[in-house]
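Written below as structure tokens is the structure these notes are about.
To keep things simple, chains are lettered A, B, C and D as they appear, and every chain counts its residues starting from 1.
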Amino acid sequence: MTAVLQVEDVVQEYPGVRALKGVSLDIHAGQVLGLVGENGAGKSTLIRVLGGIEQPVRGSVTLKGVPQRFRSSADSQAAGISVVSQEFRQVPQLSVADNIFLGHELTTGGVVQRGRTRTRSTELLEQLGMDLEADRPVSSLTVGDRQMVEIARALSRTFDVLIMDEPTAALNGAEITRLHAIVRRLAQQGKAIVYVSHHLEEIFAICDDVAVLRDGELVARQPTSELDEPRLVEHMLGRKPTTYEHVSTGEGEATDVRLAVRELQVPGVAEPFSLDVRRGEVLGLAGLVGSGRTELTRALFGDLVGLGGVVEVDGKAVRLRSSREAVRHGIFMLSEDRKSEGILPHLDVTENAMVSRDRRSLPWSRRVLPLRRDESAEFARLRDEMRIRVPHGRQLIGNLSGGNQQKVLLGRALLSGCSVLLLNEPTRGVDVGAKVDIYQLVKQLADRGVAVVVSSSDAPELAAIADRCVVYFAGRQVAELRGRDVTEENIVGASVGQTAQEGSHD
Amino acid sequence: DEPADTAEPTTGGDTAATSEFEAKDPIVIGYSVYDLQNPYWQSYAAGVQAGAEAAGVEAVVVDQKSDQQQQVSGSLDLINQDISGLIVTPVQPTALPSTIDAAHEAKIPVVIADIGTAGDYDAYIQSNNANGGALAAEYVIEQLGDVPGPHKVGVIELHAGSVVGEERVAEFVSILGANDNFEIVSSLDGNDTVDGGFAAAQDMLSANPDLEVIYAANDDSAIGAQRAMETAGKSVADGFILIGFDGADGALDLIEQGLMSATVAQDPYGQGVKAVETVLALLNGEDAGYDDAGTKTIFFPVEIVTADNLADFRASRAAQD
Amino acid sequence: MTAIDTTPAPTGVANDQGPGRLQTVLHFASRQYLVAVLVVLAVAVGIAKPSFWGGGNIENVLFQASLVGLAACGMTLLIAGGLLDLSVGGVIAVSAIAIGTVLPSTTIGGAIVVALAIGVGLGLVNGLLVTYVRIAPFIATLGTLYLFLGLAFIWTSGKVVPITSSNYRAATTETIGRVPYVFLVFLVVAVAAYLLLSRTHFGRTVRAFGSNERAAVLAGLPVARAKVLVFVVAGLCFALSGVFMAGRLSSAEGNMAMGFEMDVIAAVVVGGTALRGGRGTMFGTVVGSLLFAVLANALNLLGVASYWQYVLTGTVLVVAIAIGARRSAAAEVRGAG
Amino acid sequence: MTETVTTLTAEELVAAERDRSAERARRADQRRRLLQNSGVLVPFLIVLVVGVAVVPNFVSSSNVTNMLVNAAILAIVGYGMTLVIAVRGIDLSVGSAQALAACVAASVVNSAGPFVGALVGILVGAGLGAVNGLLVTQARVPGFIATLSTMSVFRGLVLLFTGGAPIMIASAGFKDVATSSLLGVPTPFVIAVLAGGGMWFALERMRFGKHVVAVGGSPEAAVDTGIGVNRVLLRAYLIAGASAGVGGVLLASQLGVVNGSISTGLELQAIAIVVLGGTSMAGGRGNIVGTFVAALLLAMINSGLNLLNVPSFYQYVALGLLLIFALSIDGAQRAAVRRMLEGRHS
């Protein structure tokens, strides 16, 4: 069997970073190759090279025996490579359909065939199990829907090689299952597929082979069947992984309530919310897209203005009409939309991490002005603690790998000095090793008395860190799981509405 | 804080006034001109060049481009180049004193060419703008005074804040305003340009379909106004009166074609020549020939040019070069 | 290539705290490109016209550069925040007219304070319109440009207000050696503006919302307040420029800084601050201001005819930037929408 | 709705929730789109009503014709500017380009007749636009600096071309274009409507339009999807130059005499109508209809103030207040709709 795609000794460099140090790899028709590695290992860089978006410093790419020199993504697409990129490449002002066919519009004489564009898009989305209206502008979609559009776009091209860079980062369980089915089918049709994910169970579920990148080098290439999860992780990290043992603060009913929400009416959500979060407690919020989780956290952060109800922090009722006000009352939130609501692209990583730092506790000398030395030291601490892969603290955040950007933003939240921390999808795109580190940090924060609310679509994640988990369905609370009941199955079960009936007896 | 000194006389006072001027070799005369996009100043600069050529000296021209900053820095640029005499047509007369002081420090005489003055200048050559406004008003009265009115009159002003524009309009308005047979119904900014004059005239004609007279404070806006009249179906042949100001070639052509009634002609070319002569006289310690020694002013008369005296006027202008 | 650090640190993180020294040097050198253009221009003109280096001329050039530059410092802050202010000419006129009006009855210092206060006030108007009435900066400040100009004309009835105080004129046009006092003020303001933008929480907030406003709001930054404040600071800078301009022109009136906004924005943008916001280079602004002043001066000294000056100004500018653009083709910041 | 819940299965519940949220999003989009397209309409209508009610002769046929022609000439330049701003560029050279196109057209009209003159004028505009486009794409000069430079260069060229003297157009036929009318509508206005329609179609319905939105809305996405970004930019600048050329030809026809200093400051007016019309300076979607309406709005304001004989000092104040007023309505409207959308229950 000859390789469809051969990568030979590819080297890619950025100022101060050698992202790929001579990677060679090949993939065959009908094969699904898992590509894994720590954040910043070089996965996306390799994919950008294959996609023609970047030209490597050295090395060659051969497609179906023909050496290629991609000078733009158009070249790569023409050669038969289709890419789902990690950072969405969507134009917010255009509709779903226009985004899917962007760059290869269906036209007659330059005029877009709107009907065909719409029907073809709808078909593609249906294949993915989505009934998104093709006319909606992408700016109105949730992150998960936009992920699907990104996938649909890759599928809309004709290709021999499909490369998917963390396609499931923003998808829920059912959607992931559907995507896996499609990947398998494509492989059966003889397509070669490169699949990147930090969810290793996915790798074991659908990949024939796994390639492991570490620090820009290919350190392993094996059939999946010859590996198990711990071994794979060891390849990735180059060390034995630390494991995270969750010790539930559990029945700390004695401790005081830090955040109390009573009948909070949130715009766009059916029923008012009520919940309590105690000092030192990690509360999980679970539920499908549309369950109202995002709206709840946004409302608690003053980003959506509540229409009624009471929010109390440490027993004091607070008004939340802006995020500024929320911060002042000791609440901080991390959005799930890293690119448009998180990073400050023109600022370096240090500043990105420090923008929201709580200065009240600092001595006066470091409070009035942001001191470079002080902030650099603080960032260095953060960087080591969270294993952020960045050459130096003055690097612009946009130049970091996706997972590393996420870590910087999490660092921002940790430094905010808040008493209530709202985290949306805190480990989206974060590698297995760092996930553990982050869980530990969240735990430490809780131990220091912060009330943490983690909203996540990753059930295992909630099972791992939440002391208590509230499950929402269609804007209603359908279950509350405590202690030992906070398990993956229970969360998933409740999320899809198994307990919906119970919840609506009244 | 130092107390602000309020009563500082703008003329006389320092030594510069009494110091000798010094002619360098070769003699170069600098001219800092208002804006060479305007035909009027093009003629002025041509006059300066011609005057210099006639006297066997060199002239250097710097364009202020209607910018007050450029007036100051451009004049200084000239002073810094070893010129022997400076002629300035200021965008902003009040900005002159520092320029004049710097020139005098370098023993350079300063002749102000039109617009207005300030500071310790050595000569001022001026068109009689107020008189021009009066001539225009008298022309209108002469044409329509006996026809029972009241006749509606529109005025197109120079750009907001223009010193000479103010003079031209004020005199015109005060004379016609005192006459019951006329009514000034509109007075709009024509921005000293063809397109500005067009837009202003267009709107005054829409607002006053029975308008009979337009007086534009410069010829470019008069030319624009003529076209607006044409579009509105008005014409000089039917008795409409359109008067411009400057005596620019474009306006003279329109008068010749019977499309414009008159223009108040100034003599920019002649003034330019005179400015050079004055500089040279000052350098030689000769009498500058002031019309008003108190204000060191040399007056240049304005005259009204109509179809009747157009040929004579052109002949006299042609004789200039 | 070999200078790139490839040692794999155990955590996969390089262990230095900043970009490598070579890189820093290269980065700095590439940023100094405009300085090189400026120097080449000055040397060339100096050879062709030695009077370029004459004391009077240098003073003249520095004065010109400073008037634009003072306003450009404020504009750089605005542009770093993704904002813009077209009302410069209006703010300058109104504050200068105020000086001319109050000067007969106050001290020089008092008059300057009044002018600066007006700058603050008009900046506040702009800031409130943009921040709370949510009008696009371009239109809001175009509107206030007309508004302020109109007020200036009405205030003076279109007449010129002379600055009769020779002490005021002397104080604002004073030189120390060959260097005009205003140039020193300009440098001080530029340094202050640099520190403000890059070393304070306020400056960080400005760059943050200039980079990604939504993210800045969600980071809990005081975006609205900082937006208003940056307009106020800019208004202050404009008024400061007006203080010296009034002295140089010995007068004030509505037209005195007509069209100045384009000169100011041009100096900022040519200096390397991108209109899209997120960052601003004060150093570039200083160089940009000097570049325009030297260019205009050179064309005059070389006796270039007026119409050709238009042609050459544009040509020199575009060629200079084109050559520089090729060198630092790192066009857009990654991740910036 | 609670009674029915008990009988539904989980899957149906999920589907129902999806439908609801889709419906909500659809409605929000509709409103947003309506708003984007109607922003300038409210101030336009207010000024129109006030104009008709209080300004004498506002609706006289001569004034209406004047306003339509003036608006048309401005709008045509505005279309090109809309396109350039939509791709995240800017064209400061439109005034100078228009002057050069008008003067060249005028002199060619005098030597070779109206038809050739008009054509040459438009071609000159397009050529100048291409120069801007090449500077931006090939020499990689940022649009602001490139067109700031060419603004100066083109102005110099037109002054050199005319020698600073006015060019009188002899051809009555050429001058009649601006004053003639088709079916009672001034010809320039018809041209502006047709050009606007064409431009709208190109932006909304054609591949070029999608690429414009992509390049302006998300340049990274445009590059990554293999769009020829440089081609799109070049075309946008070229069209902007050509629009300035068309405007220049019409202006020459309207004025009958042109010189090197016409159309100074046009860039500010053109950008103003584009922004007033709802096109964001941040790039992305261009709103041609908005630009057209804003051109009418500005023409009405200018003419209304003149008809009322407002002295020039007060005109500045009035124009300033009107601009602020026009957009503050827009801002208030947007805020109101946002509140409405957020406050909506489902």
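Everything that follows uses one rule, which is that contacts are C-beta pairs under 8 Å (C-beta built on N, C-alpha and C of every residue); 3 or more make two chains touch, one makes a residue touch a chain.
Values in this document were obtained by computation on a predicted structure and should not be read as measured data.
Novice: Does A-D or B-D have more contacting C-beta pairs?
Specialist: Between the chain pairs A-D and B-D, A-D carries more contacts.
Novice: In angstrom, rounded to a whole number, how far apart do the mean CA points of chain A and chain D lie?
Specialist: Result: the chain centres lie 40 Å from each other.
Novice: Rounded to the nearest whole Å, what is the centre-to-centre distance of chain A and chain B, using the mean of the C-alpha atoms as each centre?
Specialist: 72
Novice: Quick check: how many Å separate the C-alpha centres of chain B and chain D?
Specialist: About 38 Å, centre to centre.
Novice: Chain C to chain D: how many Å between their CA centres?
Specialist: 29
Novice: What parts of chain D, by residue number, touch at least two of the other chains?
Specialist: 159, 164, 218, 220, 312-313, 315-316
Novice: Among all residues of chain B, which ones touch two or more of the remaining chains?
Specialist: In chain B, residues 36, 160 touch at least two other chains, as defined above.
Novice: Tell me, which residues of chain C touch at least two other chains?
Specialist: Chain C, residues with two or more chain partners: 153, 158, 254, 306-307, 309, 334, 337.
Novice: Every touching chain pair, please?
Specialist: Inter-chain contacts occur between A-C, A-D, B-C, B-D, C-D.
Novice: For the complex, which residues does chain D have touching chain B?
Specialist: 56-57, 60, 62-63, 66, 70, 159, 164-166, 168, 178-179, 251, 254-264, 302-303, 306-309, 311-313, 315-316
Novice: Provide the residue numbers of chain A that touch chain C in the complex, in ascending order.
Specialist: Those in contact with chain C are residues 13, 15-18, 21, 38, 40-41, 57, 87, 215, 301, 303, 322-324, 326-327, 332-333, 335, 339-347, 351, 355-356, 359, 369-370, 372, 376, 380, 383-384, 387-399, 405, 412, 416.
Novice: Residue numbers of chain C touching chain A in their complex, please.
Specialist: Touch list, chain C to chain A: 1, 4-6, 8, 11-14, 16-20, 23, 199-201, 204-205, 207-208, 210-212, 214-224, 277-279, 333-337.
Novice: Of all residues in chain B, which touch chain C in the complex?
Specialist: For this pair, the touching residues of chain B are 1-8, 10, 36, 60-63, 65, 67-70, 72-74, 76-82, 92-98, 102, 118, 159-161, 163, 166.
Novice: Flag every residue of chain D that touches chain C in the complex, lowest number first.
Specialist: Against chain C, the touching part of chain D is residues 88, 90, 92, 135, 139-142, 144-146, 148-157, 159-160, 164, 218-220, 268, 271-272, 275-276, 280-282, 312-324, 326-328, 330-332, 334-335.
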